[in-house]
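Common to both upcoming complexes is subunit A, partnered first by subunit B, then by subunit C.
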Partner chain A sequence: MRSLVVVAGNTFKETVRDKILYNLVFFAILLIGASLLLGTLTMGEQSRIINDLGLAAINLVAVIIAIFVGIGLVTKEIDRRTIYTILARPITRVQFILGKYLGLAFIIAVNIAIMFTMFLGTVWVSGNVIYGSLFQAVELILVETLLVMAIAMFFSTFSSSTLSATMTIGVYVIGHLTSDLKAIAEKSHSQLTEAVLTALYYVCPNLELLNIKGQAASGVLVEMGYQLTATAYGVLYAGLLLTGACLIFQRRDF
Partner chain B sequence: MDAIVVDGLTKTYKPMWPWLKETTVLSDVSLSVGQGEVFGFLGHNGAGKTTTMKMLMGLLRPTRGSIELLGVSADNVAVHARIGYLPEAPYFYDYLTAEEFLRFYGRLAGLPCETVHQRVPQLLDRVGLTEARDRQLRKFSKGMLQRIGLAQALIHDPELIILDEPMSGLDPIGRKEVRDLILSLRDQGKTVFFSTHIVSDVEMICDRVGILAKGKMVTSGRIEDLVNEHVAQSVEVVCDGVVGDKLAEVKSKAIRILQRGERCLMILPGQDHLEEVLSTLRHAGGKLVSVIPHKGSLEEIFLEQTNRRA
Partner chain C sequence: MNMMPRSLALWATGTVLVVFLGALQIPLTHWIQSRPKLQQLTYLPSGDYLRMASLGYRELAADLLWLQAIQMMGERKLSEDDGRWLYHAVDRITTLDPKFVRAYEAGSHALCILVVLPEESNRLLEKGMQHNPQEWKLPFFLGINYYFELGDDEKAAAAMARASSLPGAPDSLVRLAAKLFVSAKSPQQAVELLAKVYEETSDENVRKALEVRLKESIVERDLQMLEQAVGKFQAKYSRQPERLENLVGPGLLQELPKEPFGGRYFYEPTTGAIRSSEVAERMRIPVRRRGE
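Now for the complex of A and B:
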């Protein structure tokens, strides 16, 4: 447990020193710029557009960090051979993977919290209502980000960083299109296409389940049951992928 | 209990495609290192030293064979708390300063904070990096990296220290410093297992050596024993005033005869025919200049043993 915390702490430190958190500055400028531009619109439109824009930006920034930093967590240690001295310590490979994951998860959670606070500040300053649904949306954004991180980590335990990035982005895109996939598969005339698409539908996580941004932007709450189910879905999926990552990592040679 | 017991260690790499041939880089290596010993692991580049050491540290999975470290199976990573390891050509988190770096490894080794704070300055001093303690590792020279690497391996005061080519990339003074460090570890009762491809590195400081060639352990033991066993002790005889026919009589007994004018130098394979040769020379009217028994060197054994496999 202690080793896990030490690895997580170092991951946190490394990410901070890599200046990942500069994204926050970028995000702040974006928000201020957007709200200045939107000042000319009527109140009702303004609220929805700011909410749409803010949630989308939070989501995008978080997912980008999750994918690129998430992949680097393991592949960089292997490429730079720092993994030799880490694994030469009394730390199991599982502790290593989980420590890395938790370190980044913590950073991303803090990051999302800061972005969200800045966003709420903008909403408030521009004189709009802060809807409860915004909190629901951001909670599912966090869940999606944790899931995407697990996907990135899973791929990076057995493939190069470029390949991992490609596959993670692929799964992310397909994950948002799964319902379309099913529809296309059903309409498809080719058996092969149908089989491939159906397989993808079942293998890739359905990330649209975690996307309630549209509804939340106009202030409509989702049911608590849905919120909990979607959260459980994302967390379980991430847990499964992390288990897979650990199993693969256990068997690897360095 | 021995510090390291390796039995029948084998590593085979399976290629991605099943129709390609698999390569065996280490086959059936067995060795043991006693506690408090300095053991030199000698072999040319590509012999399999790094592979062996990585398997000791659990970085590579053995295809076959067993490894015991300090009486515990190497699969149990808890034993790493008592082992220090310096990988070959190490590379570390370069955004950390020397001090932060050692603290991180100390914490990873399971040391409490106070102990880490106490030991970091001691170790920086021991490897001569006190001045550079606030410098980021990215600004370190190769020799400094090697030294901080050694400090990292020693931060938790391990009983067993495994060093992969600790002298490589160092200048003569640096090599001597590493040798002195290893000797001081031995004085503290630590076990040191290190690899090198340079014979003189082991000759001066090792209790025992193992020679690895092409993934096989060709020989191991105390240096004196190896030298006595393996290289027949040749004798060099120098004599004046014996030429032509007379010399032909002793020719069959010698490995090599060199003649320059009056003087002749011959190398006999051992002491067996020494008396016979000497009396022949005397009878021929020769004047004996010198008789020097030659001891083999580790270098000779190393070259002989590794060439035989080539």
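Now for the complex of A and C:
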């Protein structure tokens, strides 16, 4: 347990030193600038546009960090050969993977929390209502990011950084299209297409289940049951991917 | 070669490139701006594709398109083609985000005010009603369009009645719907609508206003019924009736209606006009429609 915490703490520090938190400045400028500018352009829908923009920006920034930092966590240690010194210590490979994951998860949670605070500040300063549904949306954004991070780590245990990034982005895109995939599969005349698409539907995570940004921006709450089920779905999926990552990583030779 | 001339050469190359770029940008900008703004949306793919392509960021994509579209609505007058592009743009925005009520409202307005395309305007409103059945403004605008733009009183009345039954709708809508039913020659529907709302309302002031309009609608219904009976009488006997009582009989009326305000109905045998002693003017909507 202690080793896990140490790895997680180191990952956290390392990522902070990579100046990953600088994105928050961009985020603040984007959000405040956009809400001031777009608010004058639109008519009557300023609150909606700020909400949409804020939630989309939080989501996008968090997912980008999850993908690009997530794939580097393991591959960087291997490339720099620091993995030897780490694994020579009393740290198991499972602890190493989980520690890395938790460290990044923590930094992403902090990141999202700060962005969300800035976002709420912008909503408040612009004189709009802060809906409870915004909290629900951001919670599911966090779950989605944790899942994407697990995907990135899973791929990075057995392939290069570029390939992992490509595959993670691929899964992210498919993850948002799965419901459409199923619809296309049902309409398809070719058995092969249908089989492939149906397989993709069941294998890839359905990230749309975690996307409630639209209704949240208009202040419509989702049911607590849905919120909890969707959260459980995301966390379990991430757990599954991490288990896979650990299994693969244990068999690797350095 | 020493460092100085080498960096000088680079600076010179950079400056030349900047000048060329500027020279290219001016005609390009001019070329783009010379096209009508709305036609820049011509190559937008259908809403369903956009919905898929925007992944989880559909609402943001809808917002961005919306901001583009409303800049175009700022033009004072649009050609019919521009109006069609606007319709396409708003249709795509609302496919991306079917709950974007404001886009339906503003789009349908623009399509009737900046350009006369009421059919397209109504299509937007009906799409909006399908996805947002609780928004009273959408059927309200639909009713207005049917009445003013298309002259279809029956559909106008049906839409207005629907709007009046939705949460948040002003109390006066139900009275407007009643007027539209009367205008559509269906006063019985006006009476039924008003009676139903009257039963459901507890506010005393609203009930009073509703009661007056209900009685006026009953007068209107009775007058229309009596006028029809006069027509039938003429067809049957080839003469005008002398008194209203003549209208009671087989194939005509079973009995004369009672004036709801407590007055009575008068008949002018010379002109054939029927009126109520209590209501000075017939119920009508005192505004002109398009083309009148």
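To be clear about the criterion, the second predicted complex is superposed on the first by the 248 of 254 C-alpha atoms of A that agree within 3 Å, B and C clash if a C-alpha of one lies under 4 Å from a C-alpha of the other, contacts with A are read in each partner's own complex, and residues count from 1 in each chain.
Keep in mind that, in the parts below, contacts are C-beta pairs under 8 Å (C-beta built on N, C-alpha and C of every residue); 3 or more make two chains touch, one makes a residue touch a chain.
Just so you know, these numbers come straight off a predicted model, no measurement behind them.
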Taking subunit A as the common reference for superposition, should the pair subunit B and subunit C be classed as clashing or as fitting?
fit
Which angle, to the nearest 10 degrees, do you get at the Cα centre of subunit A between the Cα centres of subunit B and subunit C?
160
May I ask you to decide whether A:A88 touches subunit B, subunit C, both, or neither, giving the answer as first, second, both or neither?
first
Now for A:E45: first (subunit B), second (subunit C), both, or neither, which partner does it touch?
second
Quick check for you: in the superposed arrangement, does A:N59 touch first (subunit B), second (subunit C), both or neither?
second
Between subunit B and subunit C, whom does A:E139 touch in the aligned arrangement: first, second, both, or neither?
neither
Output check: A:D180 vs subunit B and subunit C. Expected answer is one of first, second, both, neither. What do you get?
second
For A:S3, select first, second, both or neither according to whether it touches subunit B, subunit C, the two together, or no partner.
first
Have a look at where A:D253 lands relative to subunit B and subunit C in the superposition and call it first, second, both or neither.
first
Rounded to the nearest Å, state the minimum C-alpha distance from subunit B to subunit C in the superposed three-chain model.
28
Which parts of subunit A are touched by subunit B and by subunit C alike?
none
Contacting residues of subunit A [partner subunit B, same complex]
2-3, 6-7, 10, 14, 17-18, 80-92, 251, 253-254
Contacts from subunit A onto subunit C in the complex sit at residues 38, 41-45, 48-49, 52-53, 56, 59-60, 172-173, 176-177, 180, 207-208, 211, 213-215, 217-218
Mind pulling up the subunit C residues that touch subunit A in the complex?
52, 55-60, 62-63, 66-67, 70-71, 97, 99, 102, 106
Spell out the residues on subunit B that touch subunit A in their complex, using ranges where they run on.
54, 57-61, 77-81, 83, 85, 87, 89-93, 95, 104-105, 107-110, 149, 152
